[in-house]
Amino acid sequence: MVKEPGTGNLAPNPEPRSAITVTALGHGRYRVSDGQRQRLAYAAGPPAARWVFLDGHVYVIDVTASRGSPQVRALHDEMALASPMPATVAMINAKPGRDVSQGDVLIMLEAMKMELPIKAPRDGRVKVVACAVGDLVQPGIPLVELE
Amino acid sequence: MVKEPGTGNLAPNPEPRSAITVTALGHGRYRVSDGQRQRLAYAAGPPAARWVFLDGHVYVIDVTASRGSPQVRALHDEMALASPMPATVAMINAKPGRDVSQGDVLIMLEAMKMELPIKAPRDGRVKVVACAVGDLVQPGIPLVELE
Amino acid sequence: MFRRILIANRGEIAVRVIRACRELGVESVAVYSDVDAGALHVSLADRTVRIGPAPPALSYLSANAVLAAARDTGAEAIHPGYGFLSEDHTFAAACAVAGVAFVGPPADVIARMGSKISARQLASQAGVSVVPGETPVDQSDDAVAAAACRLGLPALIKPSEGGGGIGIKRVRDAASLLAAIGQARREALAAFGDGTLFVERLIERGRHVEIQILADHHGQVVHLFERECSLQRRHQKIVEETPSTAVTPRLRGRMGEAASAVARAAGYRNAGTVEFLVEGSGDKALFYFLEMNTRLQVEHPVTEQTTGVDLVAAQIRIAAGEPLPWSQAQLLQRGHAIEVRLYAEDPARDDLPQAGPLLLYREPSMPGLRVDAGVAEGDEVPVYYDPMLAKLIAWGDTREDARRRAVAGLRGYPILGVRTNVPFLIGLLDHPAFVSGDIDTGFVDAERRTLVARLGGDPPPDALAVAAHAGESMLPDAPRSIVASDPWTTLRGWRG
Amino acid sequence: MFRRILIANRGEIAVRVIRACRELGVESVAVYSDVDAGALHVSLADRTVRIGPAPPALSYLSANAVLAAARDTGAEAIHPGYGFLSEDHTFAAACAVAGVAFVGPPADVIARMGSKISARQLASQAGVSVVPGETPVDQSDDAVAAAACRLGLPALIKPSEGGGGIGIKRVRDAASLLAAIGQARREALAAFGDGTLFVERLIERGRHVEIQILADHHGQVVHLFERECSLQRRHQKIVEETPSTAVTPRLRGRMGEAASAVARAAGYRNAGTVEFLVEGSGDKALFYFLEMNTRLQVEHPVTEQTTGVDLVAAQIRIAAGEPLPWSQAQLLQRGHAIEVRLYAEDPARDDLPQAGPLLLYREPSMPGLRVDAGVAEGDEVPVYYDPMLAKLIAWGDTREDARRRAVAGLRGYPILGVRTNVPFLIGLLDHPAFVSGDIDTGFVDAERRTLVARLGGDPPPDALAVAAHAGESMLPDAPRSIVASDPWTTLRGWRG
């Protein structure tokens, strides 16, 4: 997703010296500079899900993809449709082929004595439902796939 | 210097369960337990000069040697007879073959605008003097060797 | 003073108590479940005892396992922290039988204050107002609904036993009453094994203000002023501060006296907190007794930072029979303190608790900042327990100084590997309403959508550049000398 | 308020000022020499400027390089920290010419207080006693010796210019007088380029107590009580605390007034410290003006922790023209604070400064503890600068609480790769004389042998076991999951 140096410049500052410079400081610390101001950043994790901390915000970025935003979104999608922890499937509202709107509860999980709704992260059509009521599901594995 | 498990027991507590147990906690942290009480320890550095922090004390231990204490002492010797930093040799009081007493100033260095005396760490006889007045010496390299 | 104390808890509060023990020259005994064998509190204690498998009921909630551990290690006292066994009066009683000091009030006081009904009665008898409410004798859904209508809507439906915000429902109209009652009852049953419900008048734009109490075994009771805990999401506190922007000196005096009166009426001992709901503002504001928490609060550090009193050390000294060393007149508030709770949770997904590895975890360190944490880099956040990782407490000469310091602290608090509420907390502390101090218990839920919306969005170019660079240079534990010679990598931009 | 401030320093004090800037919403500009390109203060600042090679004279002491950096980055003010250019009146004057605010007093005040002669004159005129002493007009060795004999032995011989304990010699008998004068002159020449010597009566068992001052540009001067700095090794402070165990409330009032009088007489602005030597104890103790430090002190945090005042923020606000927000009556001391200075040095070898890599460096974090550090794990401690790595500041309700907390902090502060004085400091804080508060400026040097003796000895079995185990299991950056499954290794002992 990051092109070779010199192939373009979409950085916010239009001056030629506004290229972003990153310096590894060791132990997951990085210095990011636009030639004027600098900030500290932190990164960890595998290329397909690299975690970055910058100025109080956290991003999970797939750097294996050749292009930027779609991969980031797809990753968000997947994360949204998986359980964050081991849980039991209490109810399934999703059916393959059915249209759903952003915010619709697709699956209701139960864990830690609480109901955990898995909601549609965007409008779309259900492609696959990958669990059944009563299943013990593991974290990170998508339970529903949207088209 | 550490024997195979089961070959002896010189730990302070005479009970059979007083063997020392060390658990690596990651990132240089270790838990040391005598079966009853435990403490946190930290270690870093190469085998020939492994630094250990335990309860506010610091030890530098050579674990490549097959026996304990002499190697530890020898290492202290060497460190005592080296400059702790880049410095200039201002004066040499040591001569090969001459007897010295603990605390004798063998070499006077100058660094950071201060005089740094290199003193005999123990009674002994000077074997080698490895510097000359005016030399710029580097840290960690012994300037005098005792027999 | 005790020779050895067992800490019947985990996480940041176990770490906090272990450190207090060390400073007092008391040996600490940590207990742990199987998943916590490598946890920070286990590393820091002088002795450790495994008490069971991961599920709390089999370990941290097992009175038998904890008491056996105390017996086996010769612990003379047990500090329960908060949560788990801390408000279980049967456990306090069992400690007394076993001859181990319980660092908290006597069992009968815990029992009396643990029931909302008897606690409210006691407060009323001590001359302190309570929020209109009742536990209907007839617990059928219809009867509970009728009771709510009698008190007048809006109302709160909540489990008669319990805490932590679990099962509390806010009802504004009669149409949603029955559904709320059903849901509250199911959650109460699941969480506390008791579906008895309590209905209460909902005070709109009320503020949750609590008073810290200390009482020794020699008849002295002091209060340590208030904590403002109005910033809650679904009835769980996330930001606490002191002093409260809603409390005038006169109101503070009245509330402190009311809290002391409740503690005296209860025969209270050790540290406790009297929770009030404040309606209105100024010297004449009304305040209602809500409940008394018979243990240390999560948010105790803001009181420590402004009064200079070490509440955990005070708890231990009181339990050892020492008298309080200060009179009420000697206790003073200085400056302002704000605590934020850092949770492993995803604010973008209704605060779903998160579990996973702390790939990177670095605490900020700066003057005026305190971090009480229960985790270290490399730890695995388990799914079995409360997902609070740490608390960040900022002190400042003024509220704005403390607020800015808290924001600066959060901006320098990287936690990677699990989602946390750090970005959400920054947005909250920077919200104009928080900056002005104009908050109430409904604020977070009302502003949630706005605050969460700001968290979304694509990574900025800087973040993408770091991610890409990390991919090229992330040697395992690269020594600094290699890193320092690493040529600066220039990324000149990319296409969307 | 300024938009951007340049910090003309490095290490912990640069980090401290950068953090204060961030909290005030001011942009920070760090300057650095070549060896400091990867230093902590450079990482934390908003902007950075290289100002030269490693030797201080070519970088941090180069007024031209610093002023050029300020001009290039548009910095509106320069904070000099302590050391380096902080007490160079020509630099303060150059800042004024360049139109950049100097965060400190006016150049002429620095010049006047920088000379021991004129500072003593000013103090005397303000009605404050000074220690009998003089700078002999005839600076021949014999004349200086004669002056010392006139004052009466024991005496102190010290450079007329300078500080940091460099070149100060204590002379007890006439026989050693000439040797001491020669050594002091050589060291004064080498360090300050000026061999002029000052002789002073040596007050035996005197205590070094200093008073913190703040003065704004609107005529208000306040003092922030005392700091006890008697624990010095060869005239360099290593432990500081407040309140002083030697200062009674009445003495404190007298000393505070004297310090304020000196500041007023000097036309002082910004933060400064008036140093006194205290002879005797109780309300009637005598105190003598020693000198005034026209900058922030290393030990300023103990004042911050007990008064609640952020001295660095106050400095910046004063420099920006803001009035002091407190009157003298509003300033109060609370509790007790102790600071220890952590040096890369070898206590077993006359405190020789050490340089090298910080193979492992972990700061303790616990309530009541503050760490002001200038380094991070993996950093290389360079040979060019003061070897102070960090300061640990413990606050407690009582002196004993603070002392225990400081010891607990040091026991949890592992620094590996270079020798430090951490073990020495623990021994010092645990020394019965320190515990009882019975200390004077000669204490450390008198007890050095005993304290150092305790540091020696062979490693205990536990340390050997850790060293051996580390050898077997130290995978590069081993992930926690592997470590957690690492079977416990049992070492059953060894032969000596």
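We call the chains A, B, C and D, going by the order they appear; numbering starts again at 1 in every chain.
As a convention for this text, contacts are C-beta pairs under 8 Å (C-beta built on N, C-alpha and C of every residue); 3 or more make two chains touch, one makes a residue touch a chain.
Since this is a predicted model, take the numbers as computed values, not measurements.
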>> Taking the mean of the CA coordinates per chain, how far is subunit A from subunit D in Å?
In response: 48
>> Rounded to a whole Å, what is the gap between the Cα centroids of subunit A and subunit B?
In response: 51
>> Taking the mean of the CA coordinates per chain, how far is subunit B from subunit D in Å?
In response: 30
> Where in subunit B do residues touch two or more other chains at once?
Replying inline: 25-27, 39-40
>> Residues touching two or more other chains, restricted to subunit D: which are they?
In response: 38, 378, 477, 479-480, 483
>> Chain contact topology under the given definition, line, ring, star, complete or other?
In response: other
> Can you name every chain pair that touches?
Replying inline: A-C, A-D, B-C, B-D, C-D
>> Which stretch or stretches of subunit B touch subunit D in the complex?
In response: 1-3, 5-12, 19-28, 30, 32, 34, 39-45, 47, 50-59, 61, 63, 67-69, 72-73, 80, 84-86, 111-114, 116-117, 119, 139
> Where on subunit A does subunit D make contact in their complex?
Replying inline: 25-27, 29, 31, 36-40
> Inside the complex, what are the residues of subunit C that reach subunit B?
Replying inline: 27, 38, 43-48, 377-378
> Once bound in the complex, which stretches of subunit C touch subunit D?
Replying inline: 16, 19, 22-25, 37-38, 301, 304, 308-310, 313, 332, 334-335, 357, 363, 365-368, 370-373, 378-380, 396-397, 401, 404-405, 408, 476-477, 479-481, 483-484
> Which positions of subunit C touch subunit A when the two form their complex?
Replying inline: 166, 187, 190-191, 346, 349-350, 352-356, 359-360, 362, 383-384, 407, 410-412, 414-417, 419-420, 422-423, 426, 455, 458-471, 473-474, 477-480, 483-484, 486, 488-496
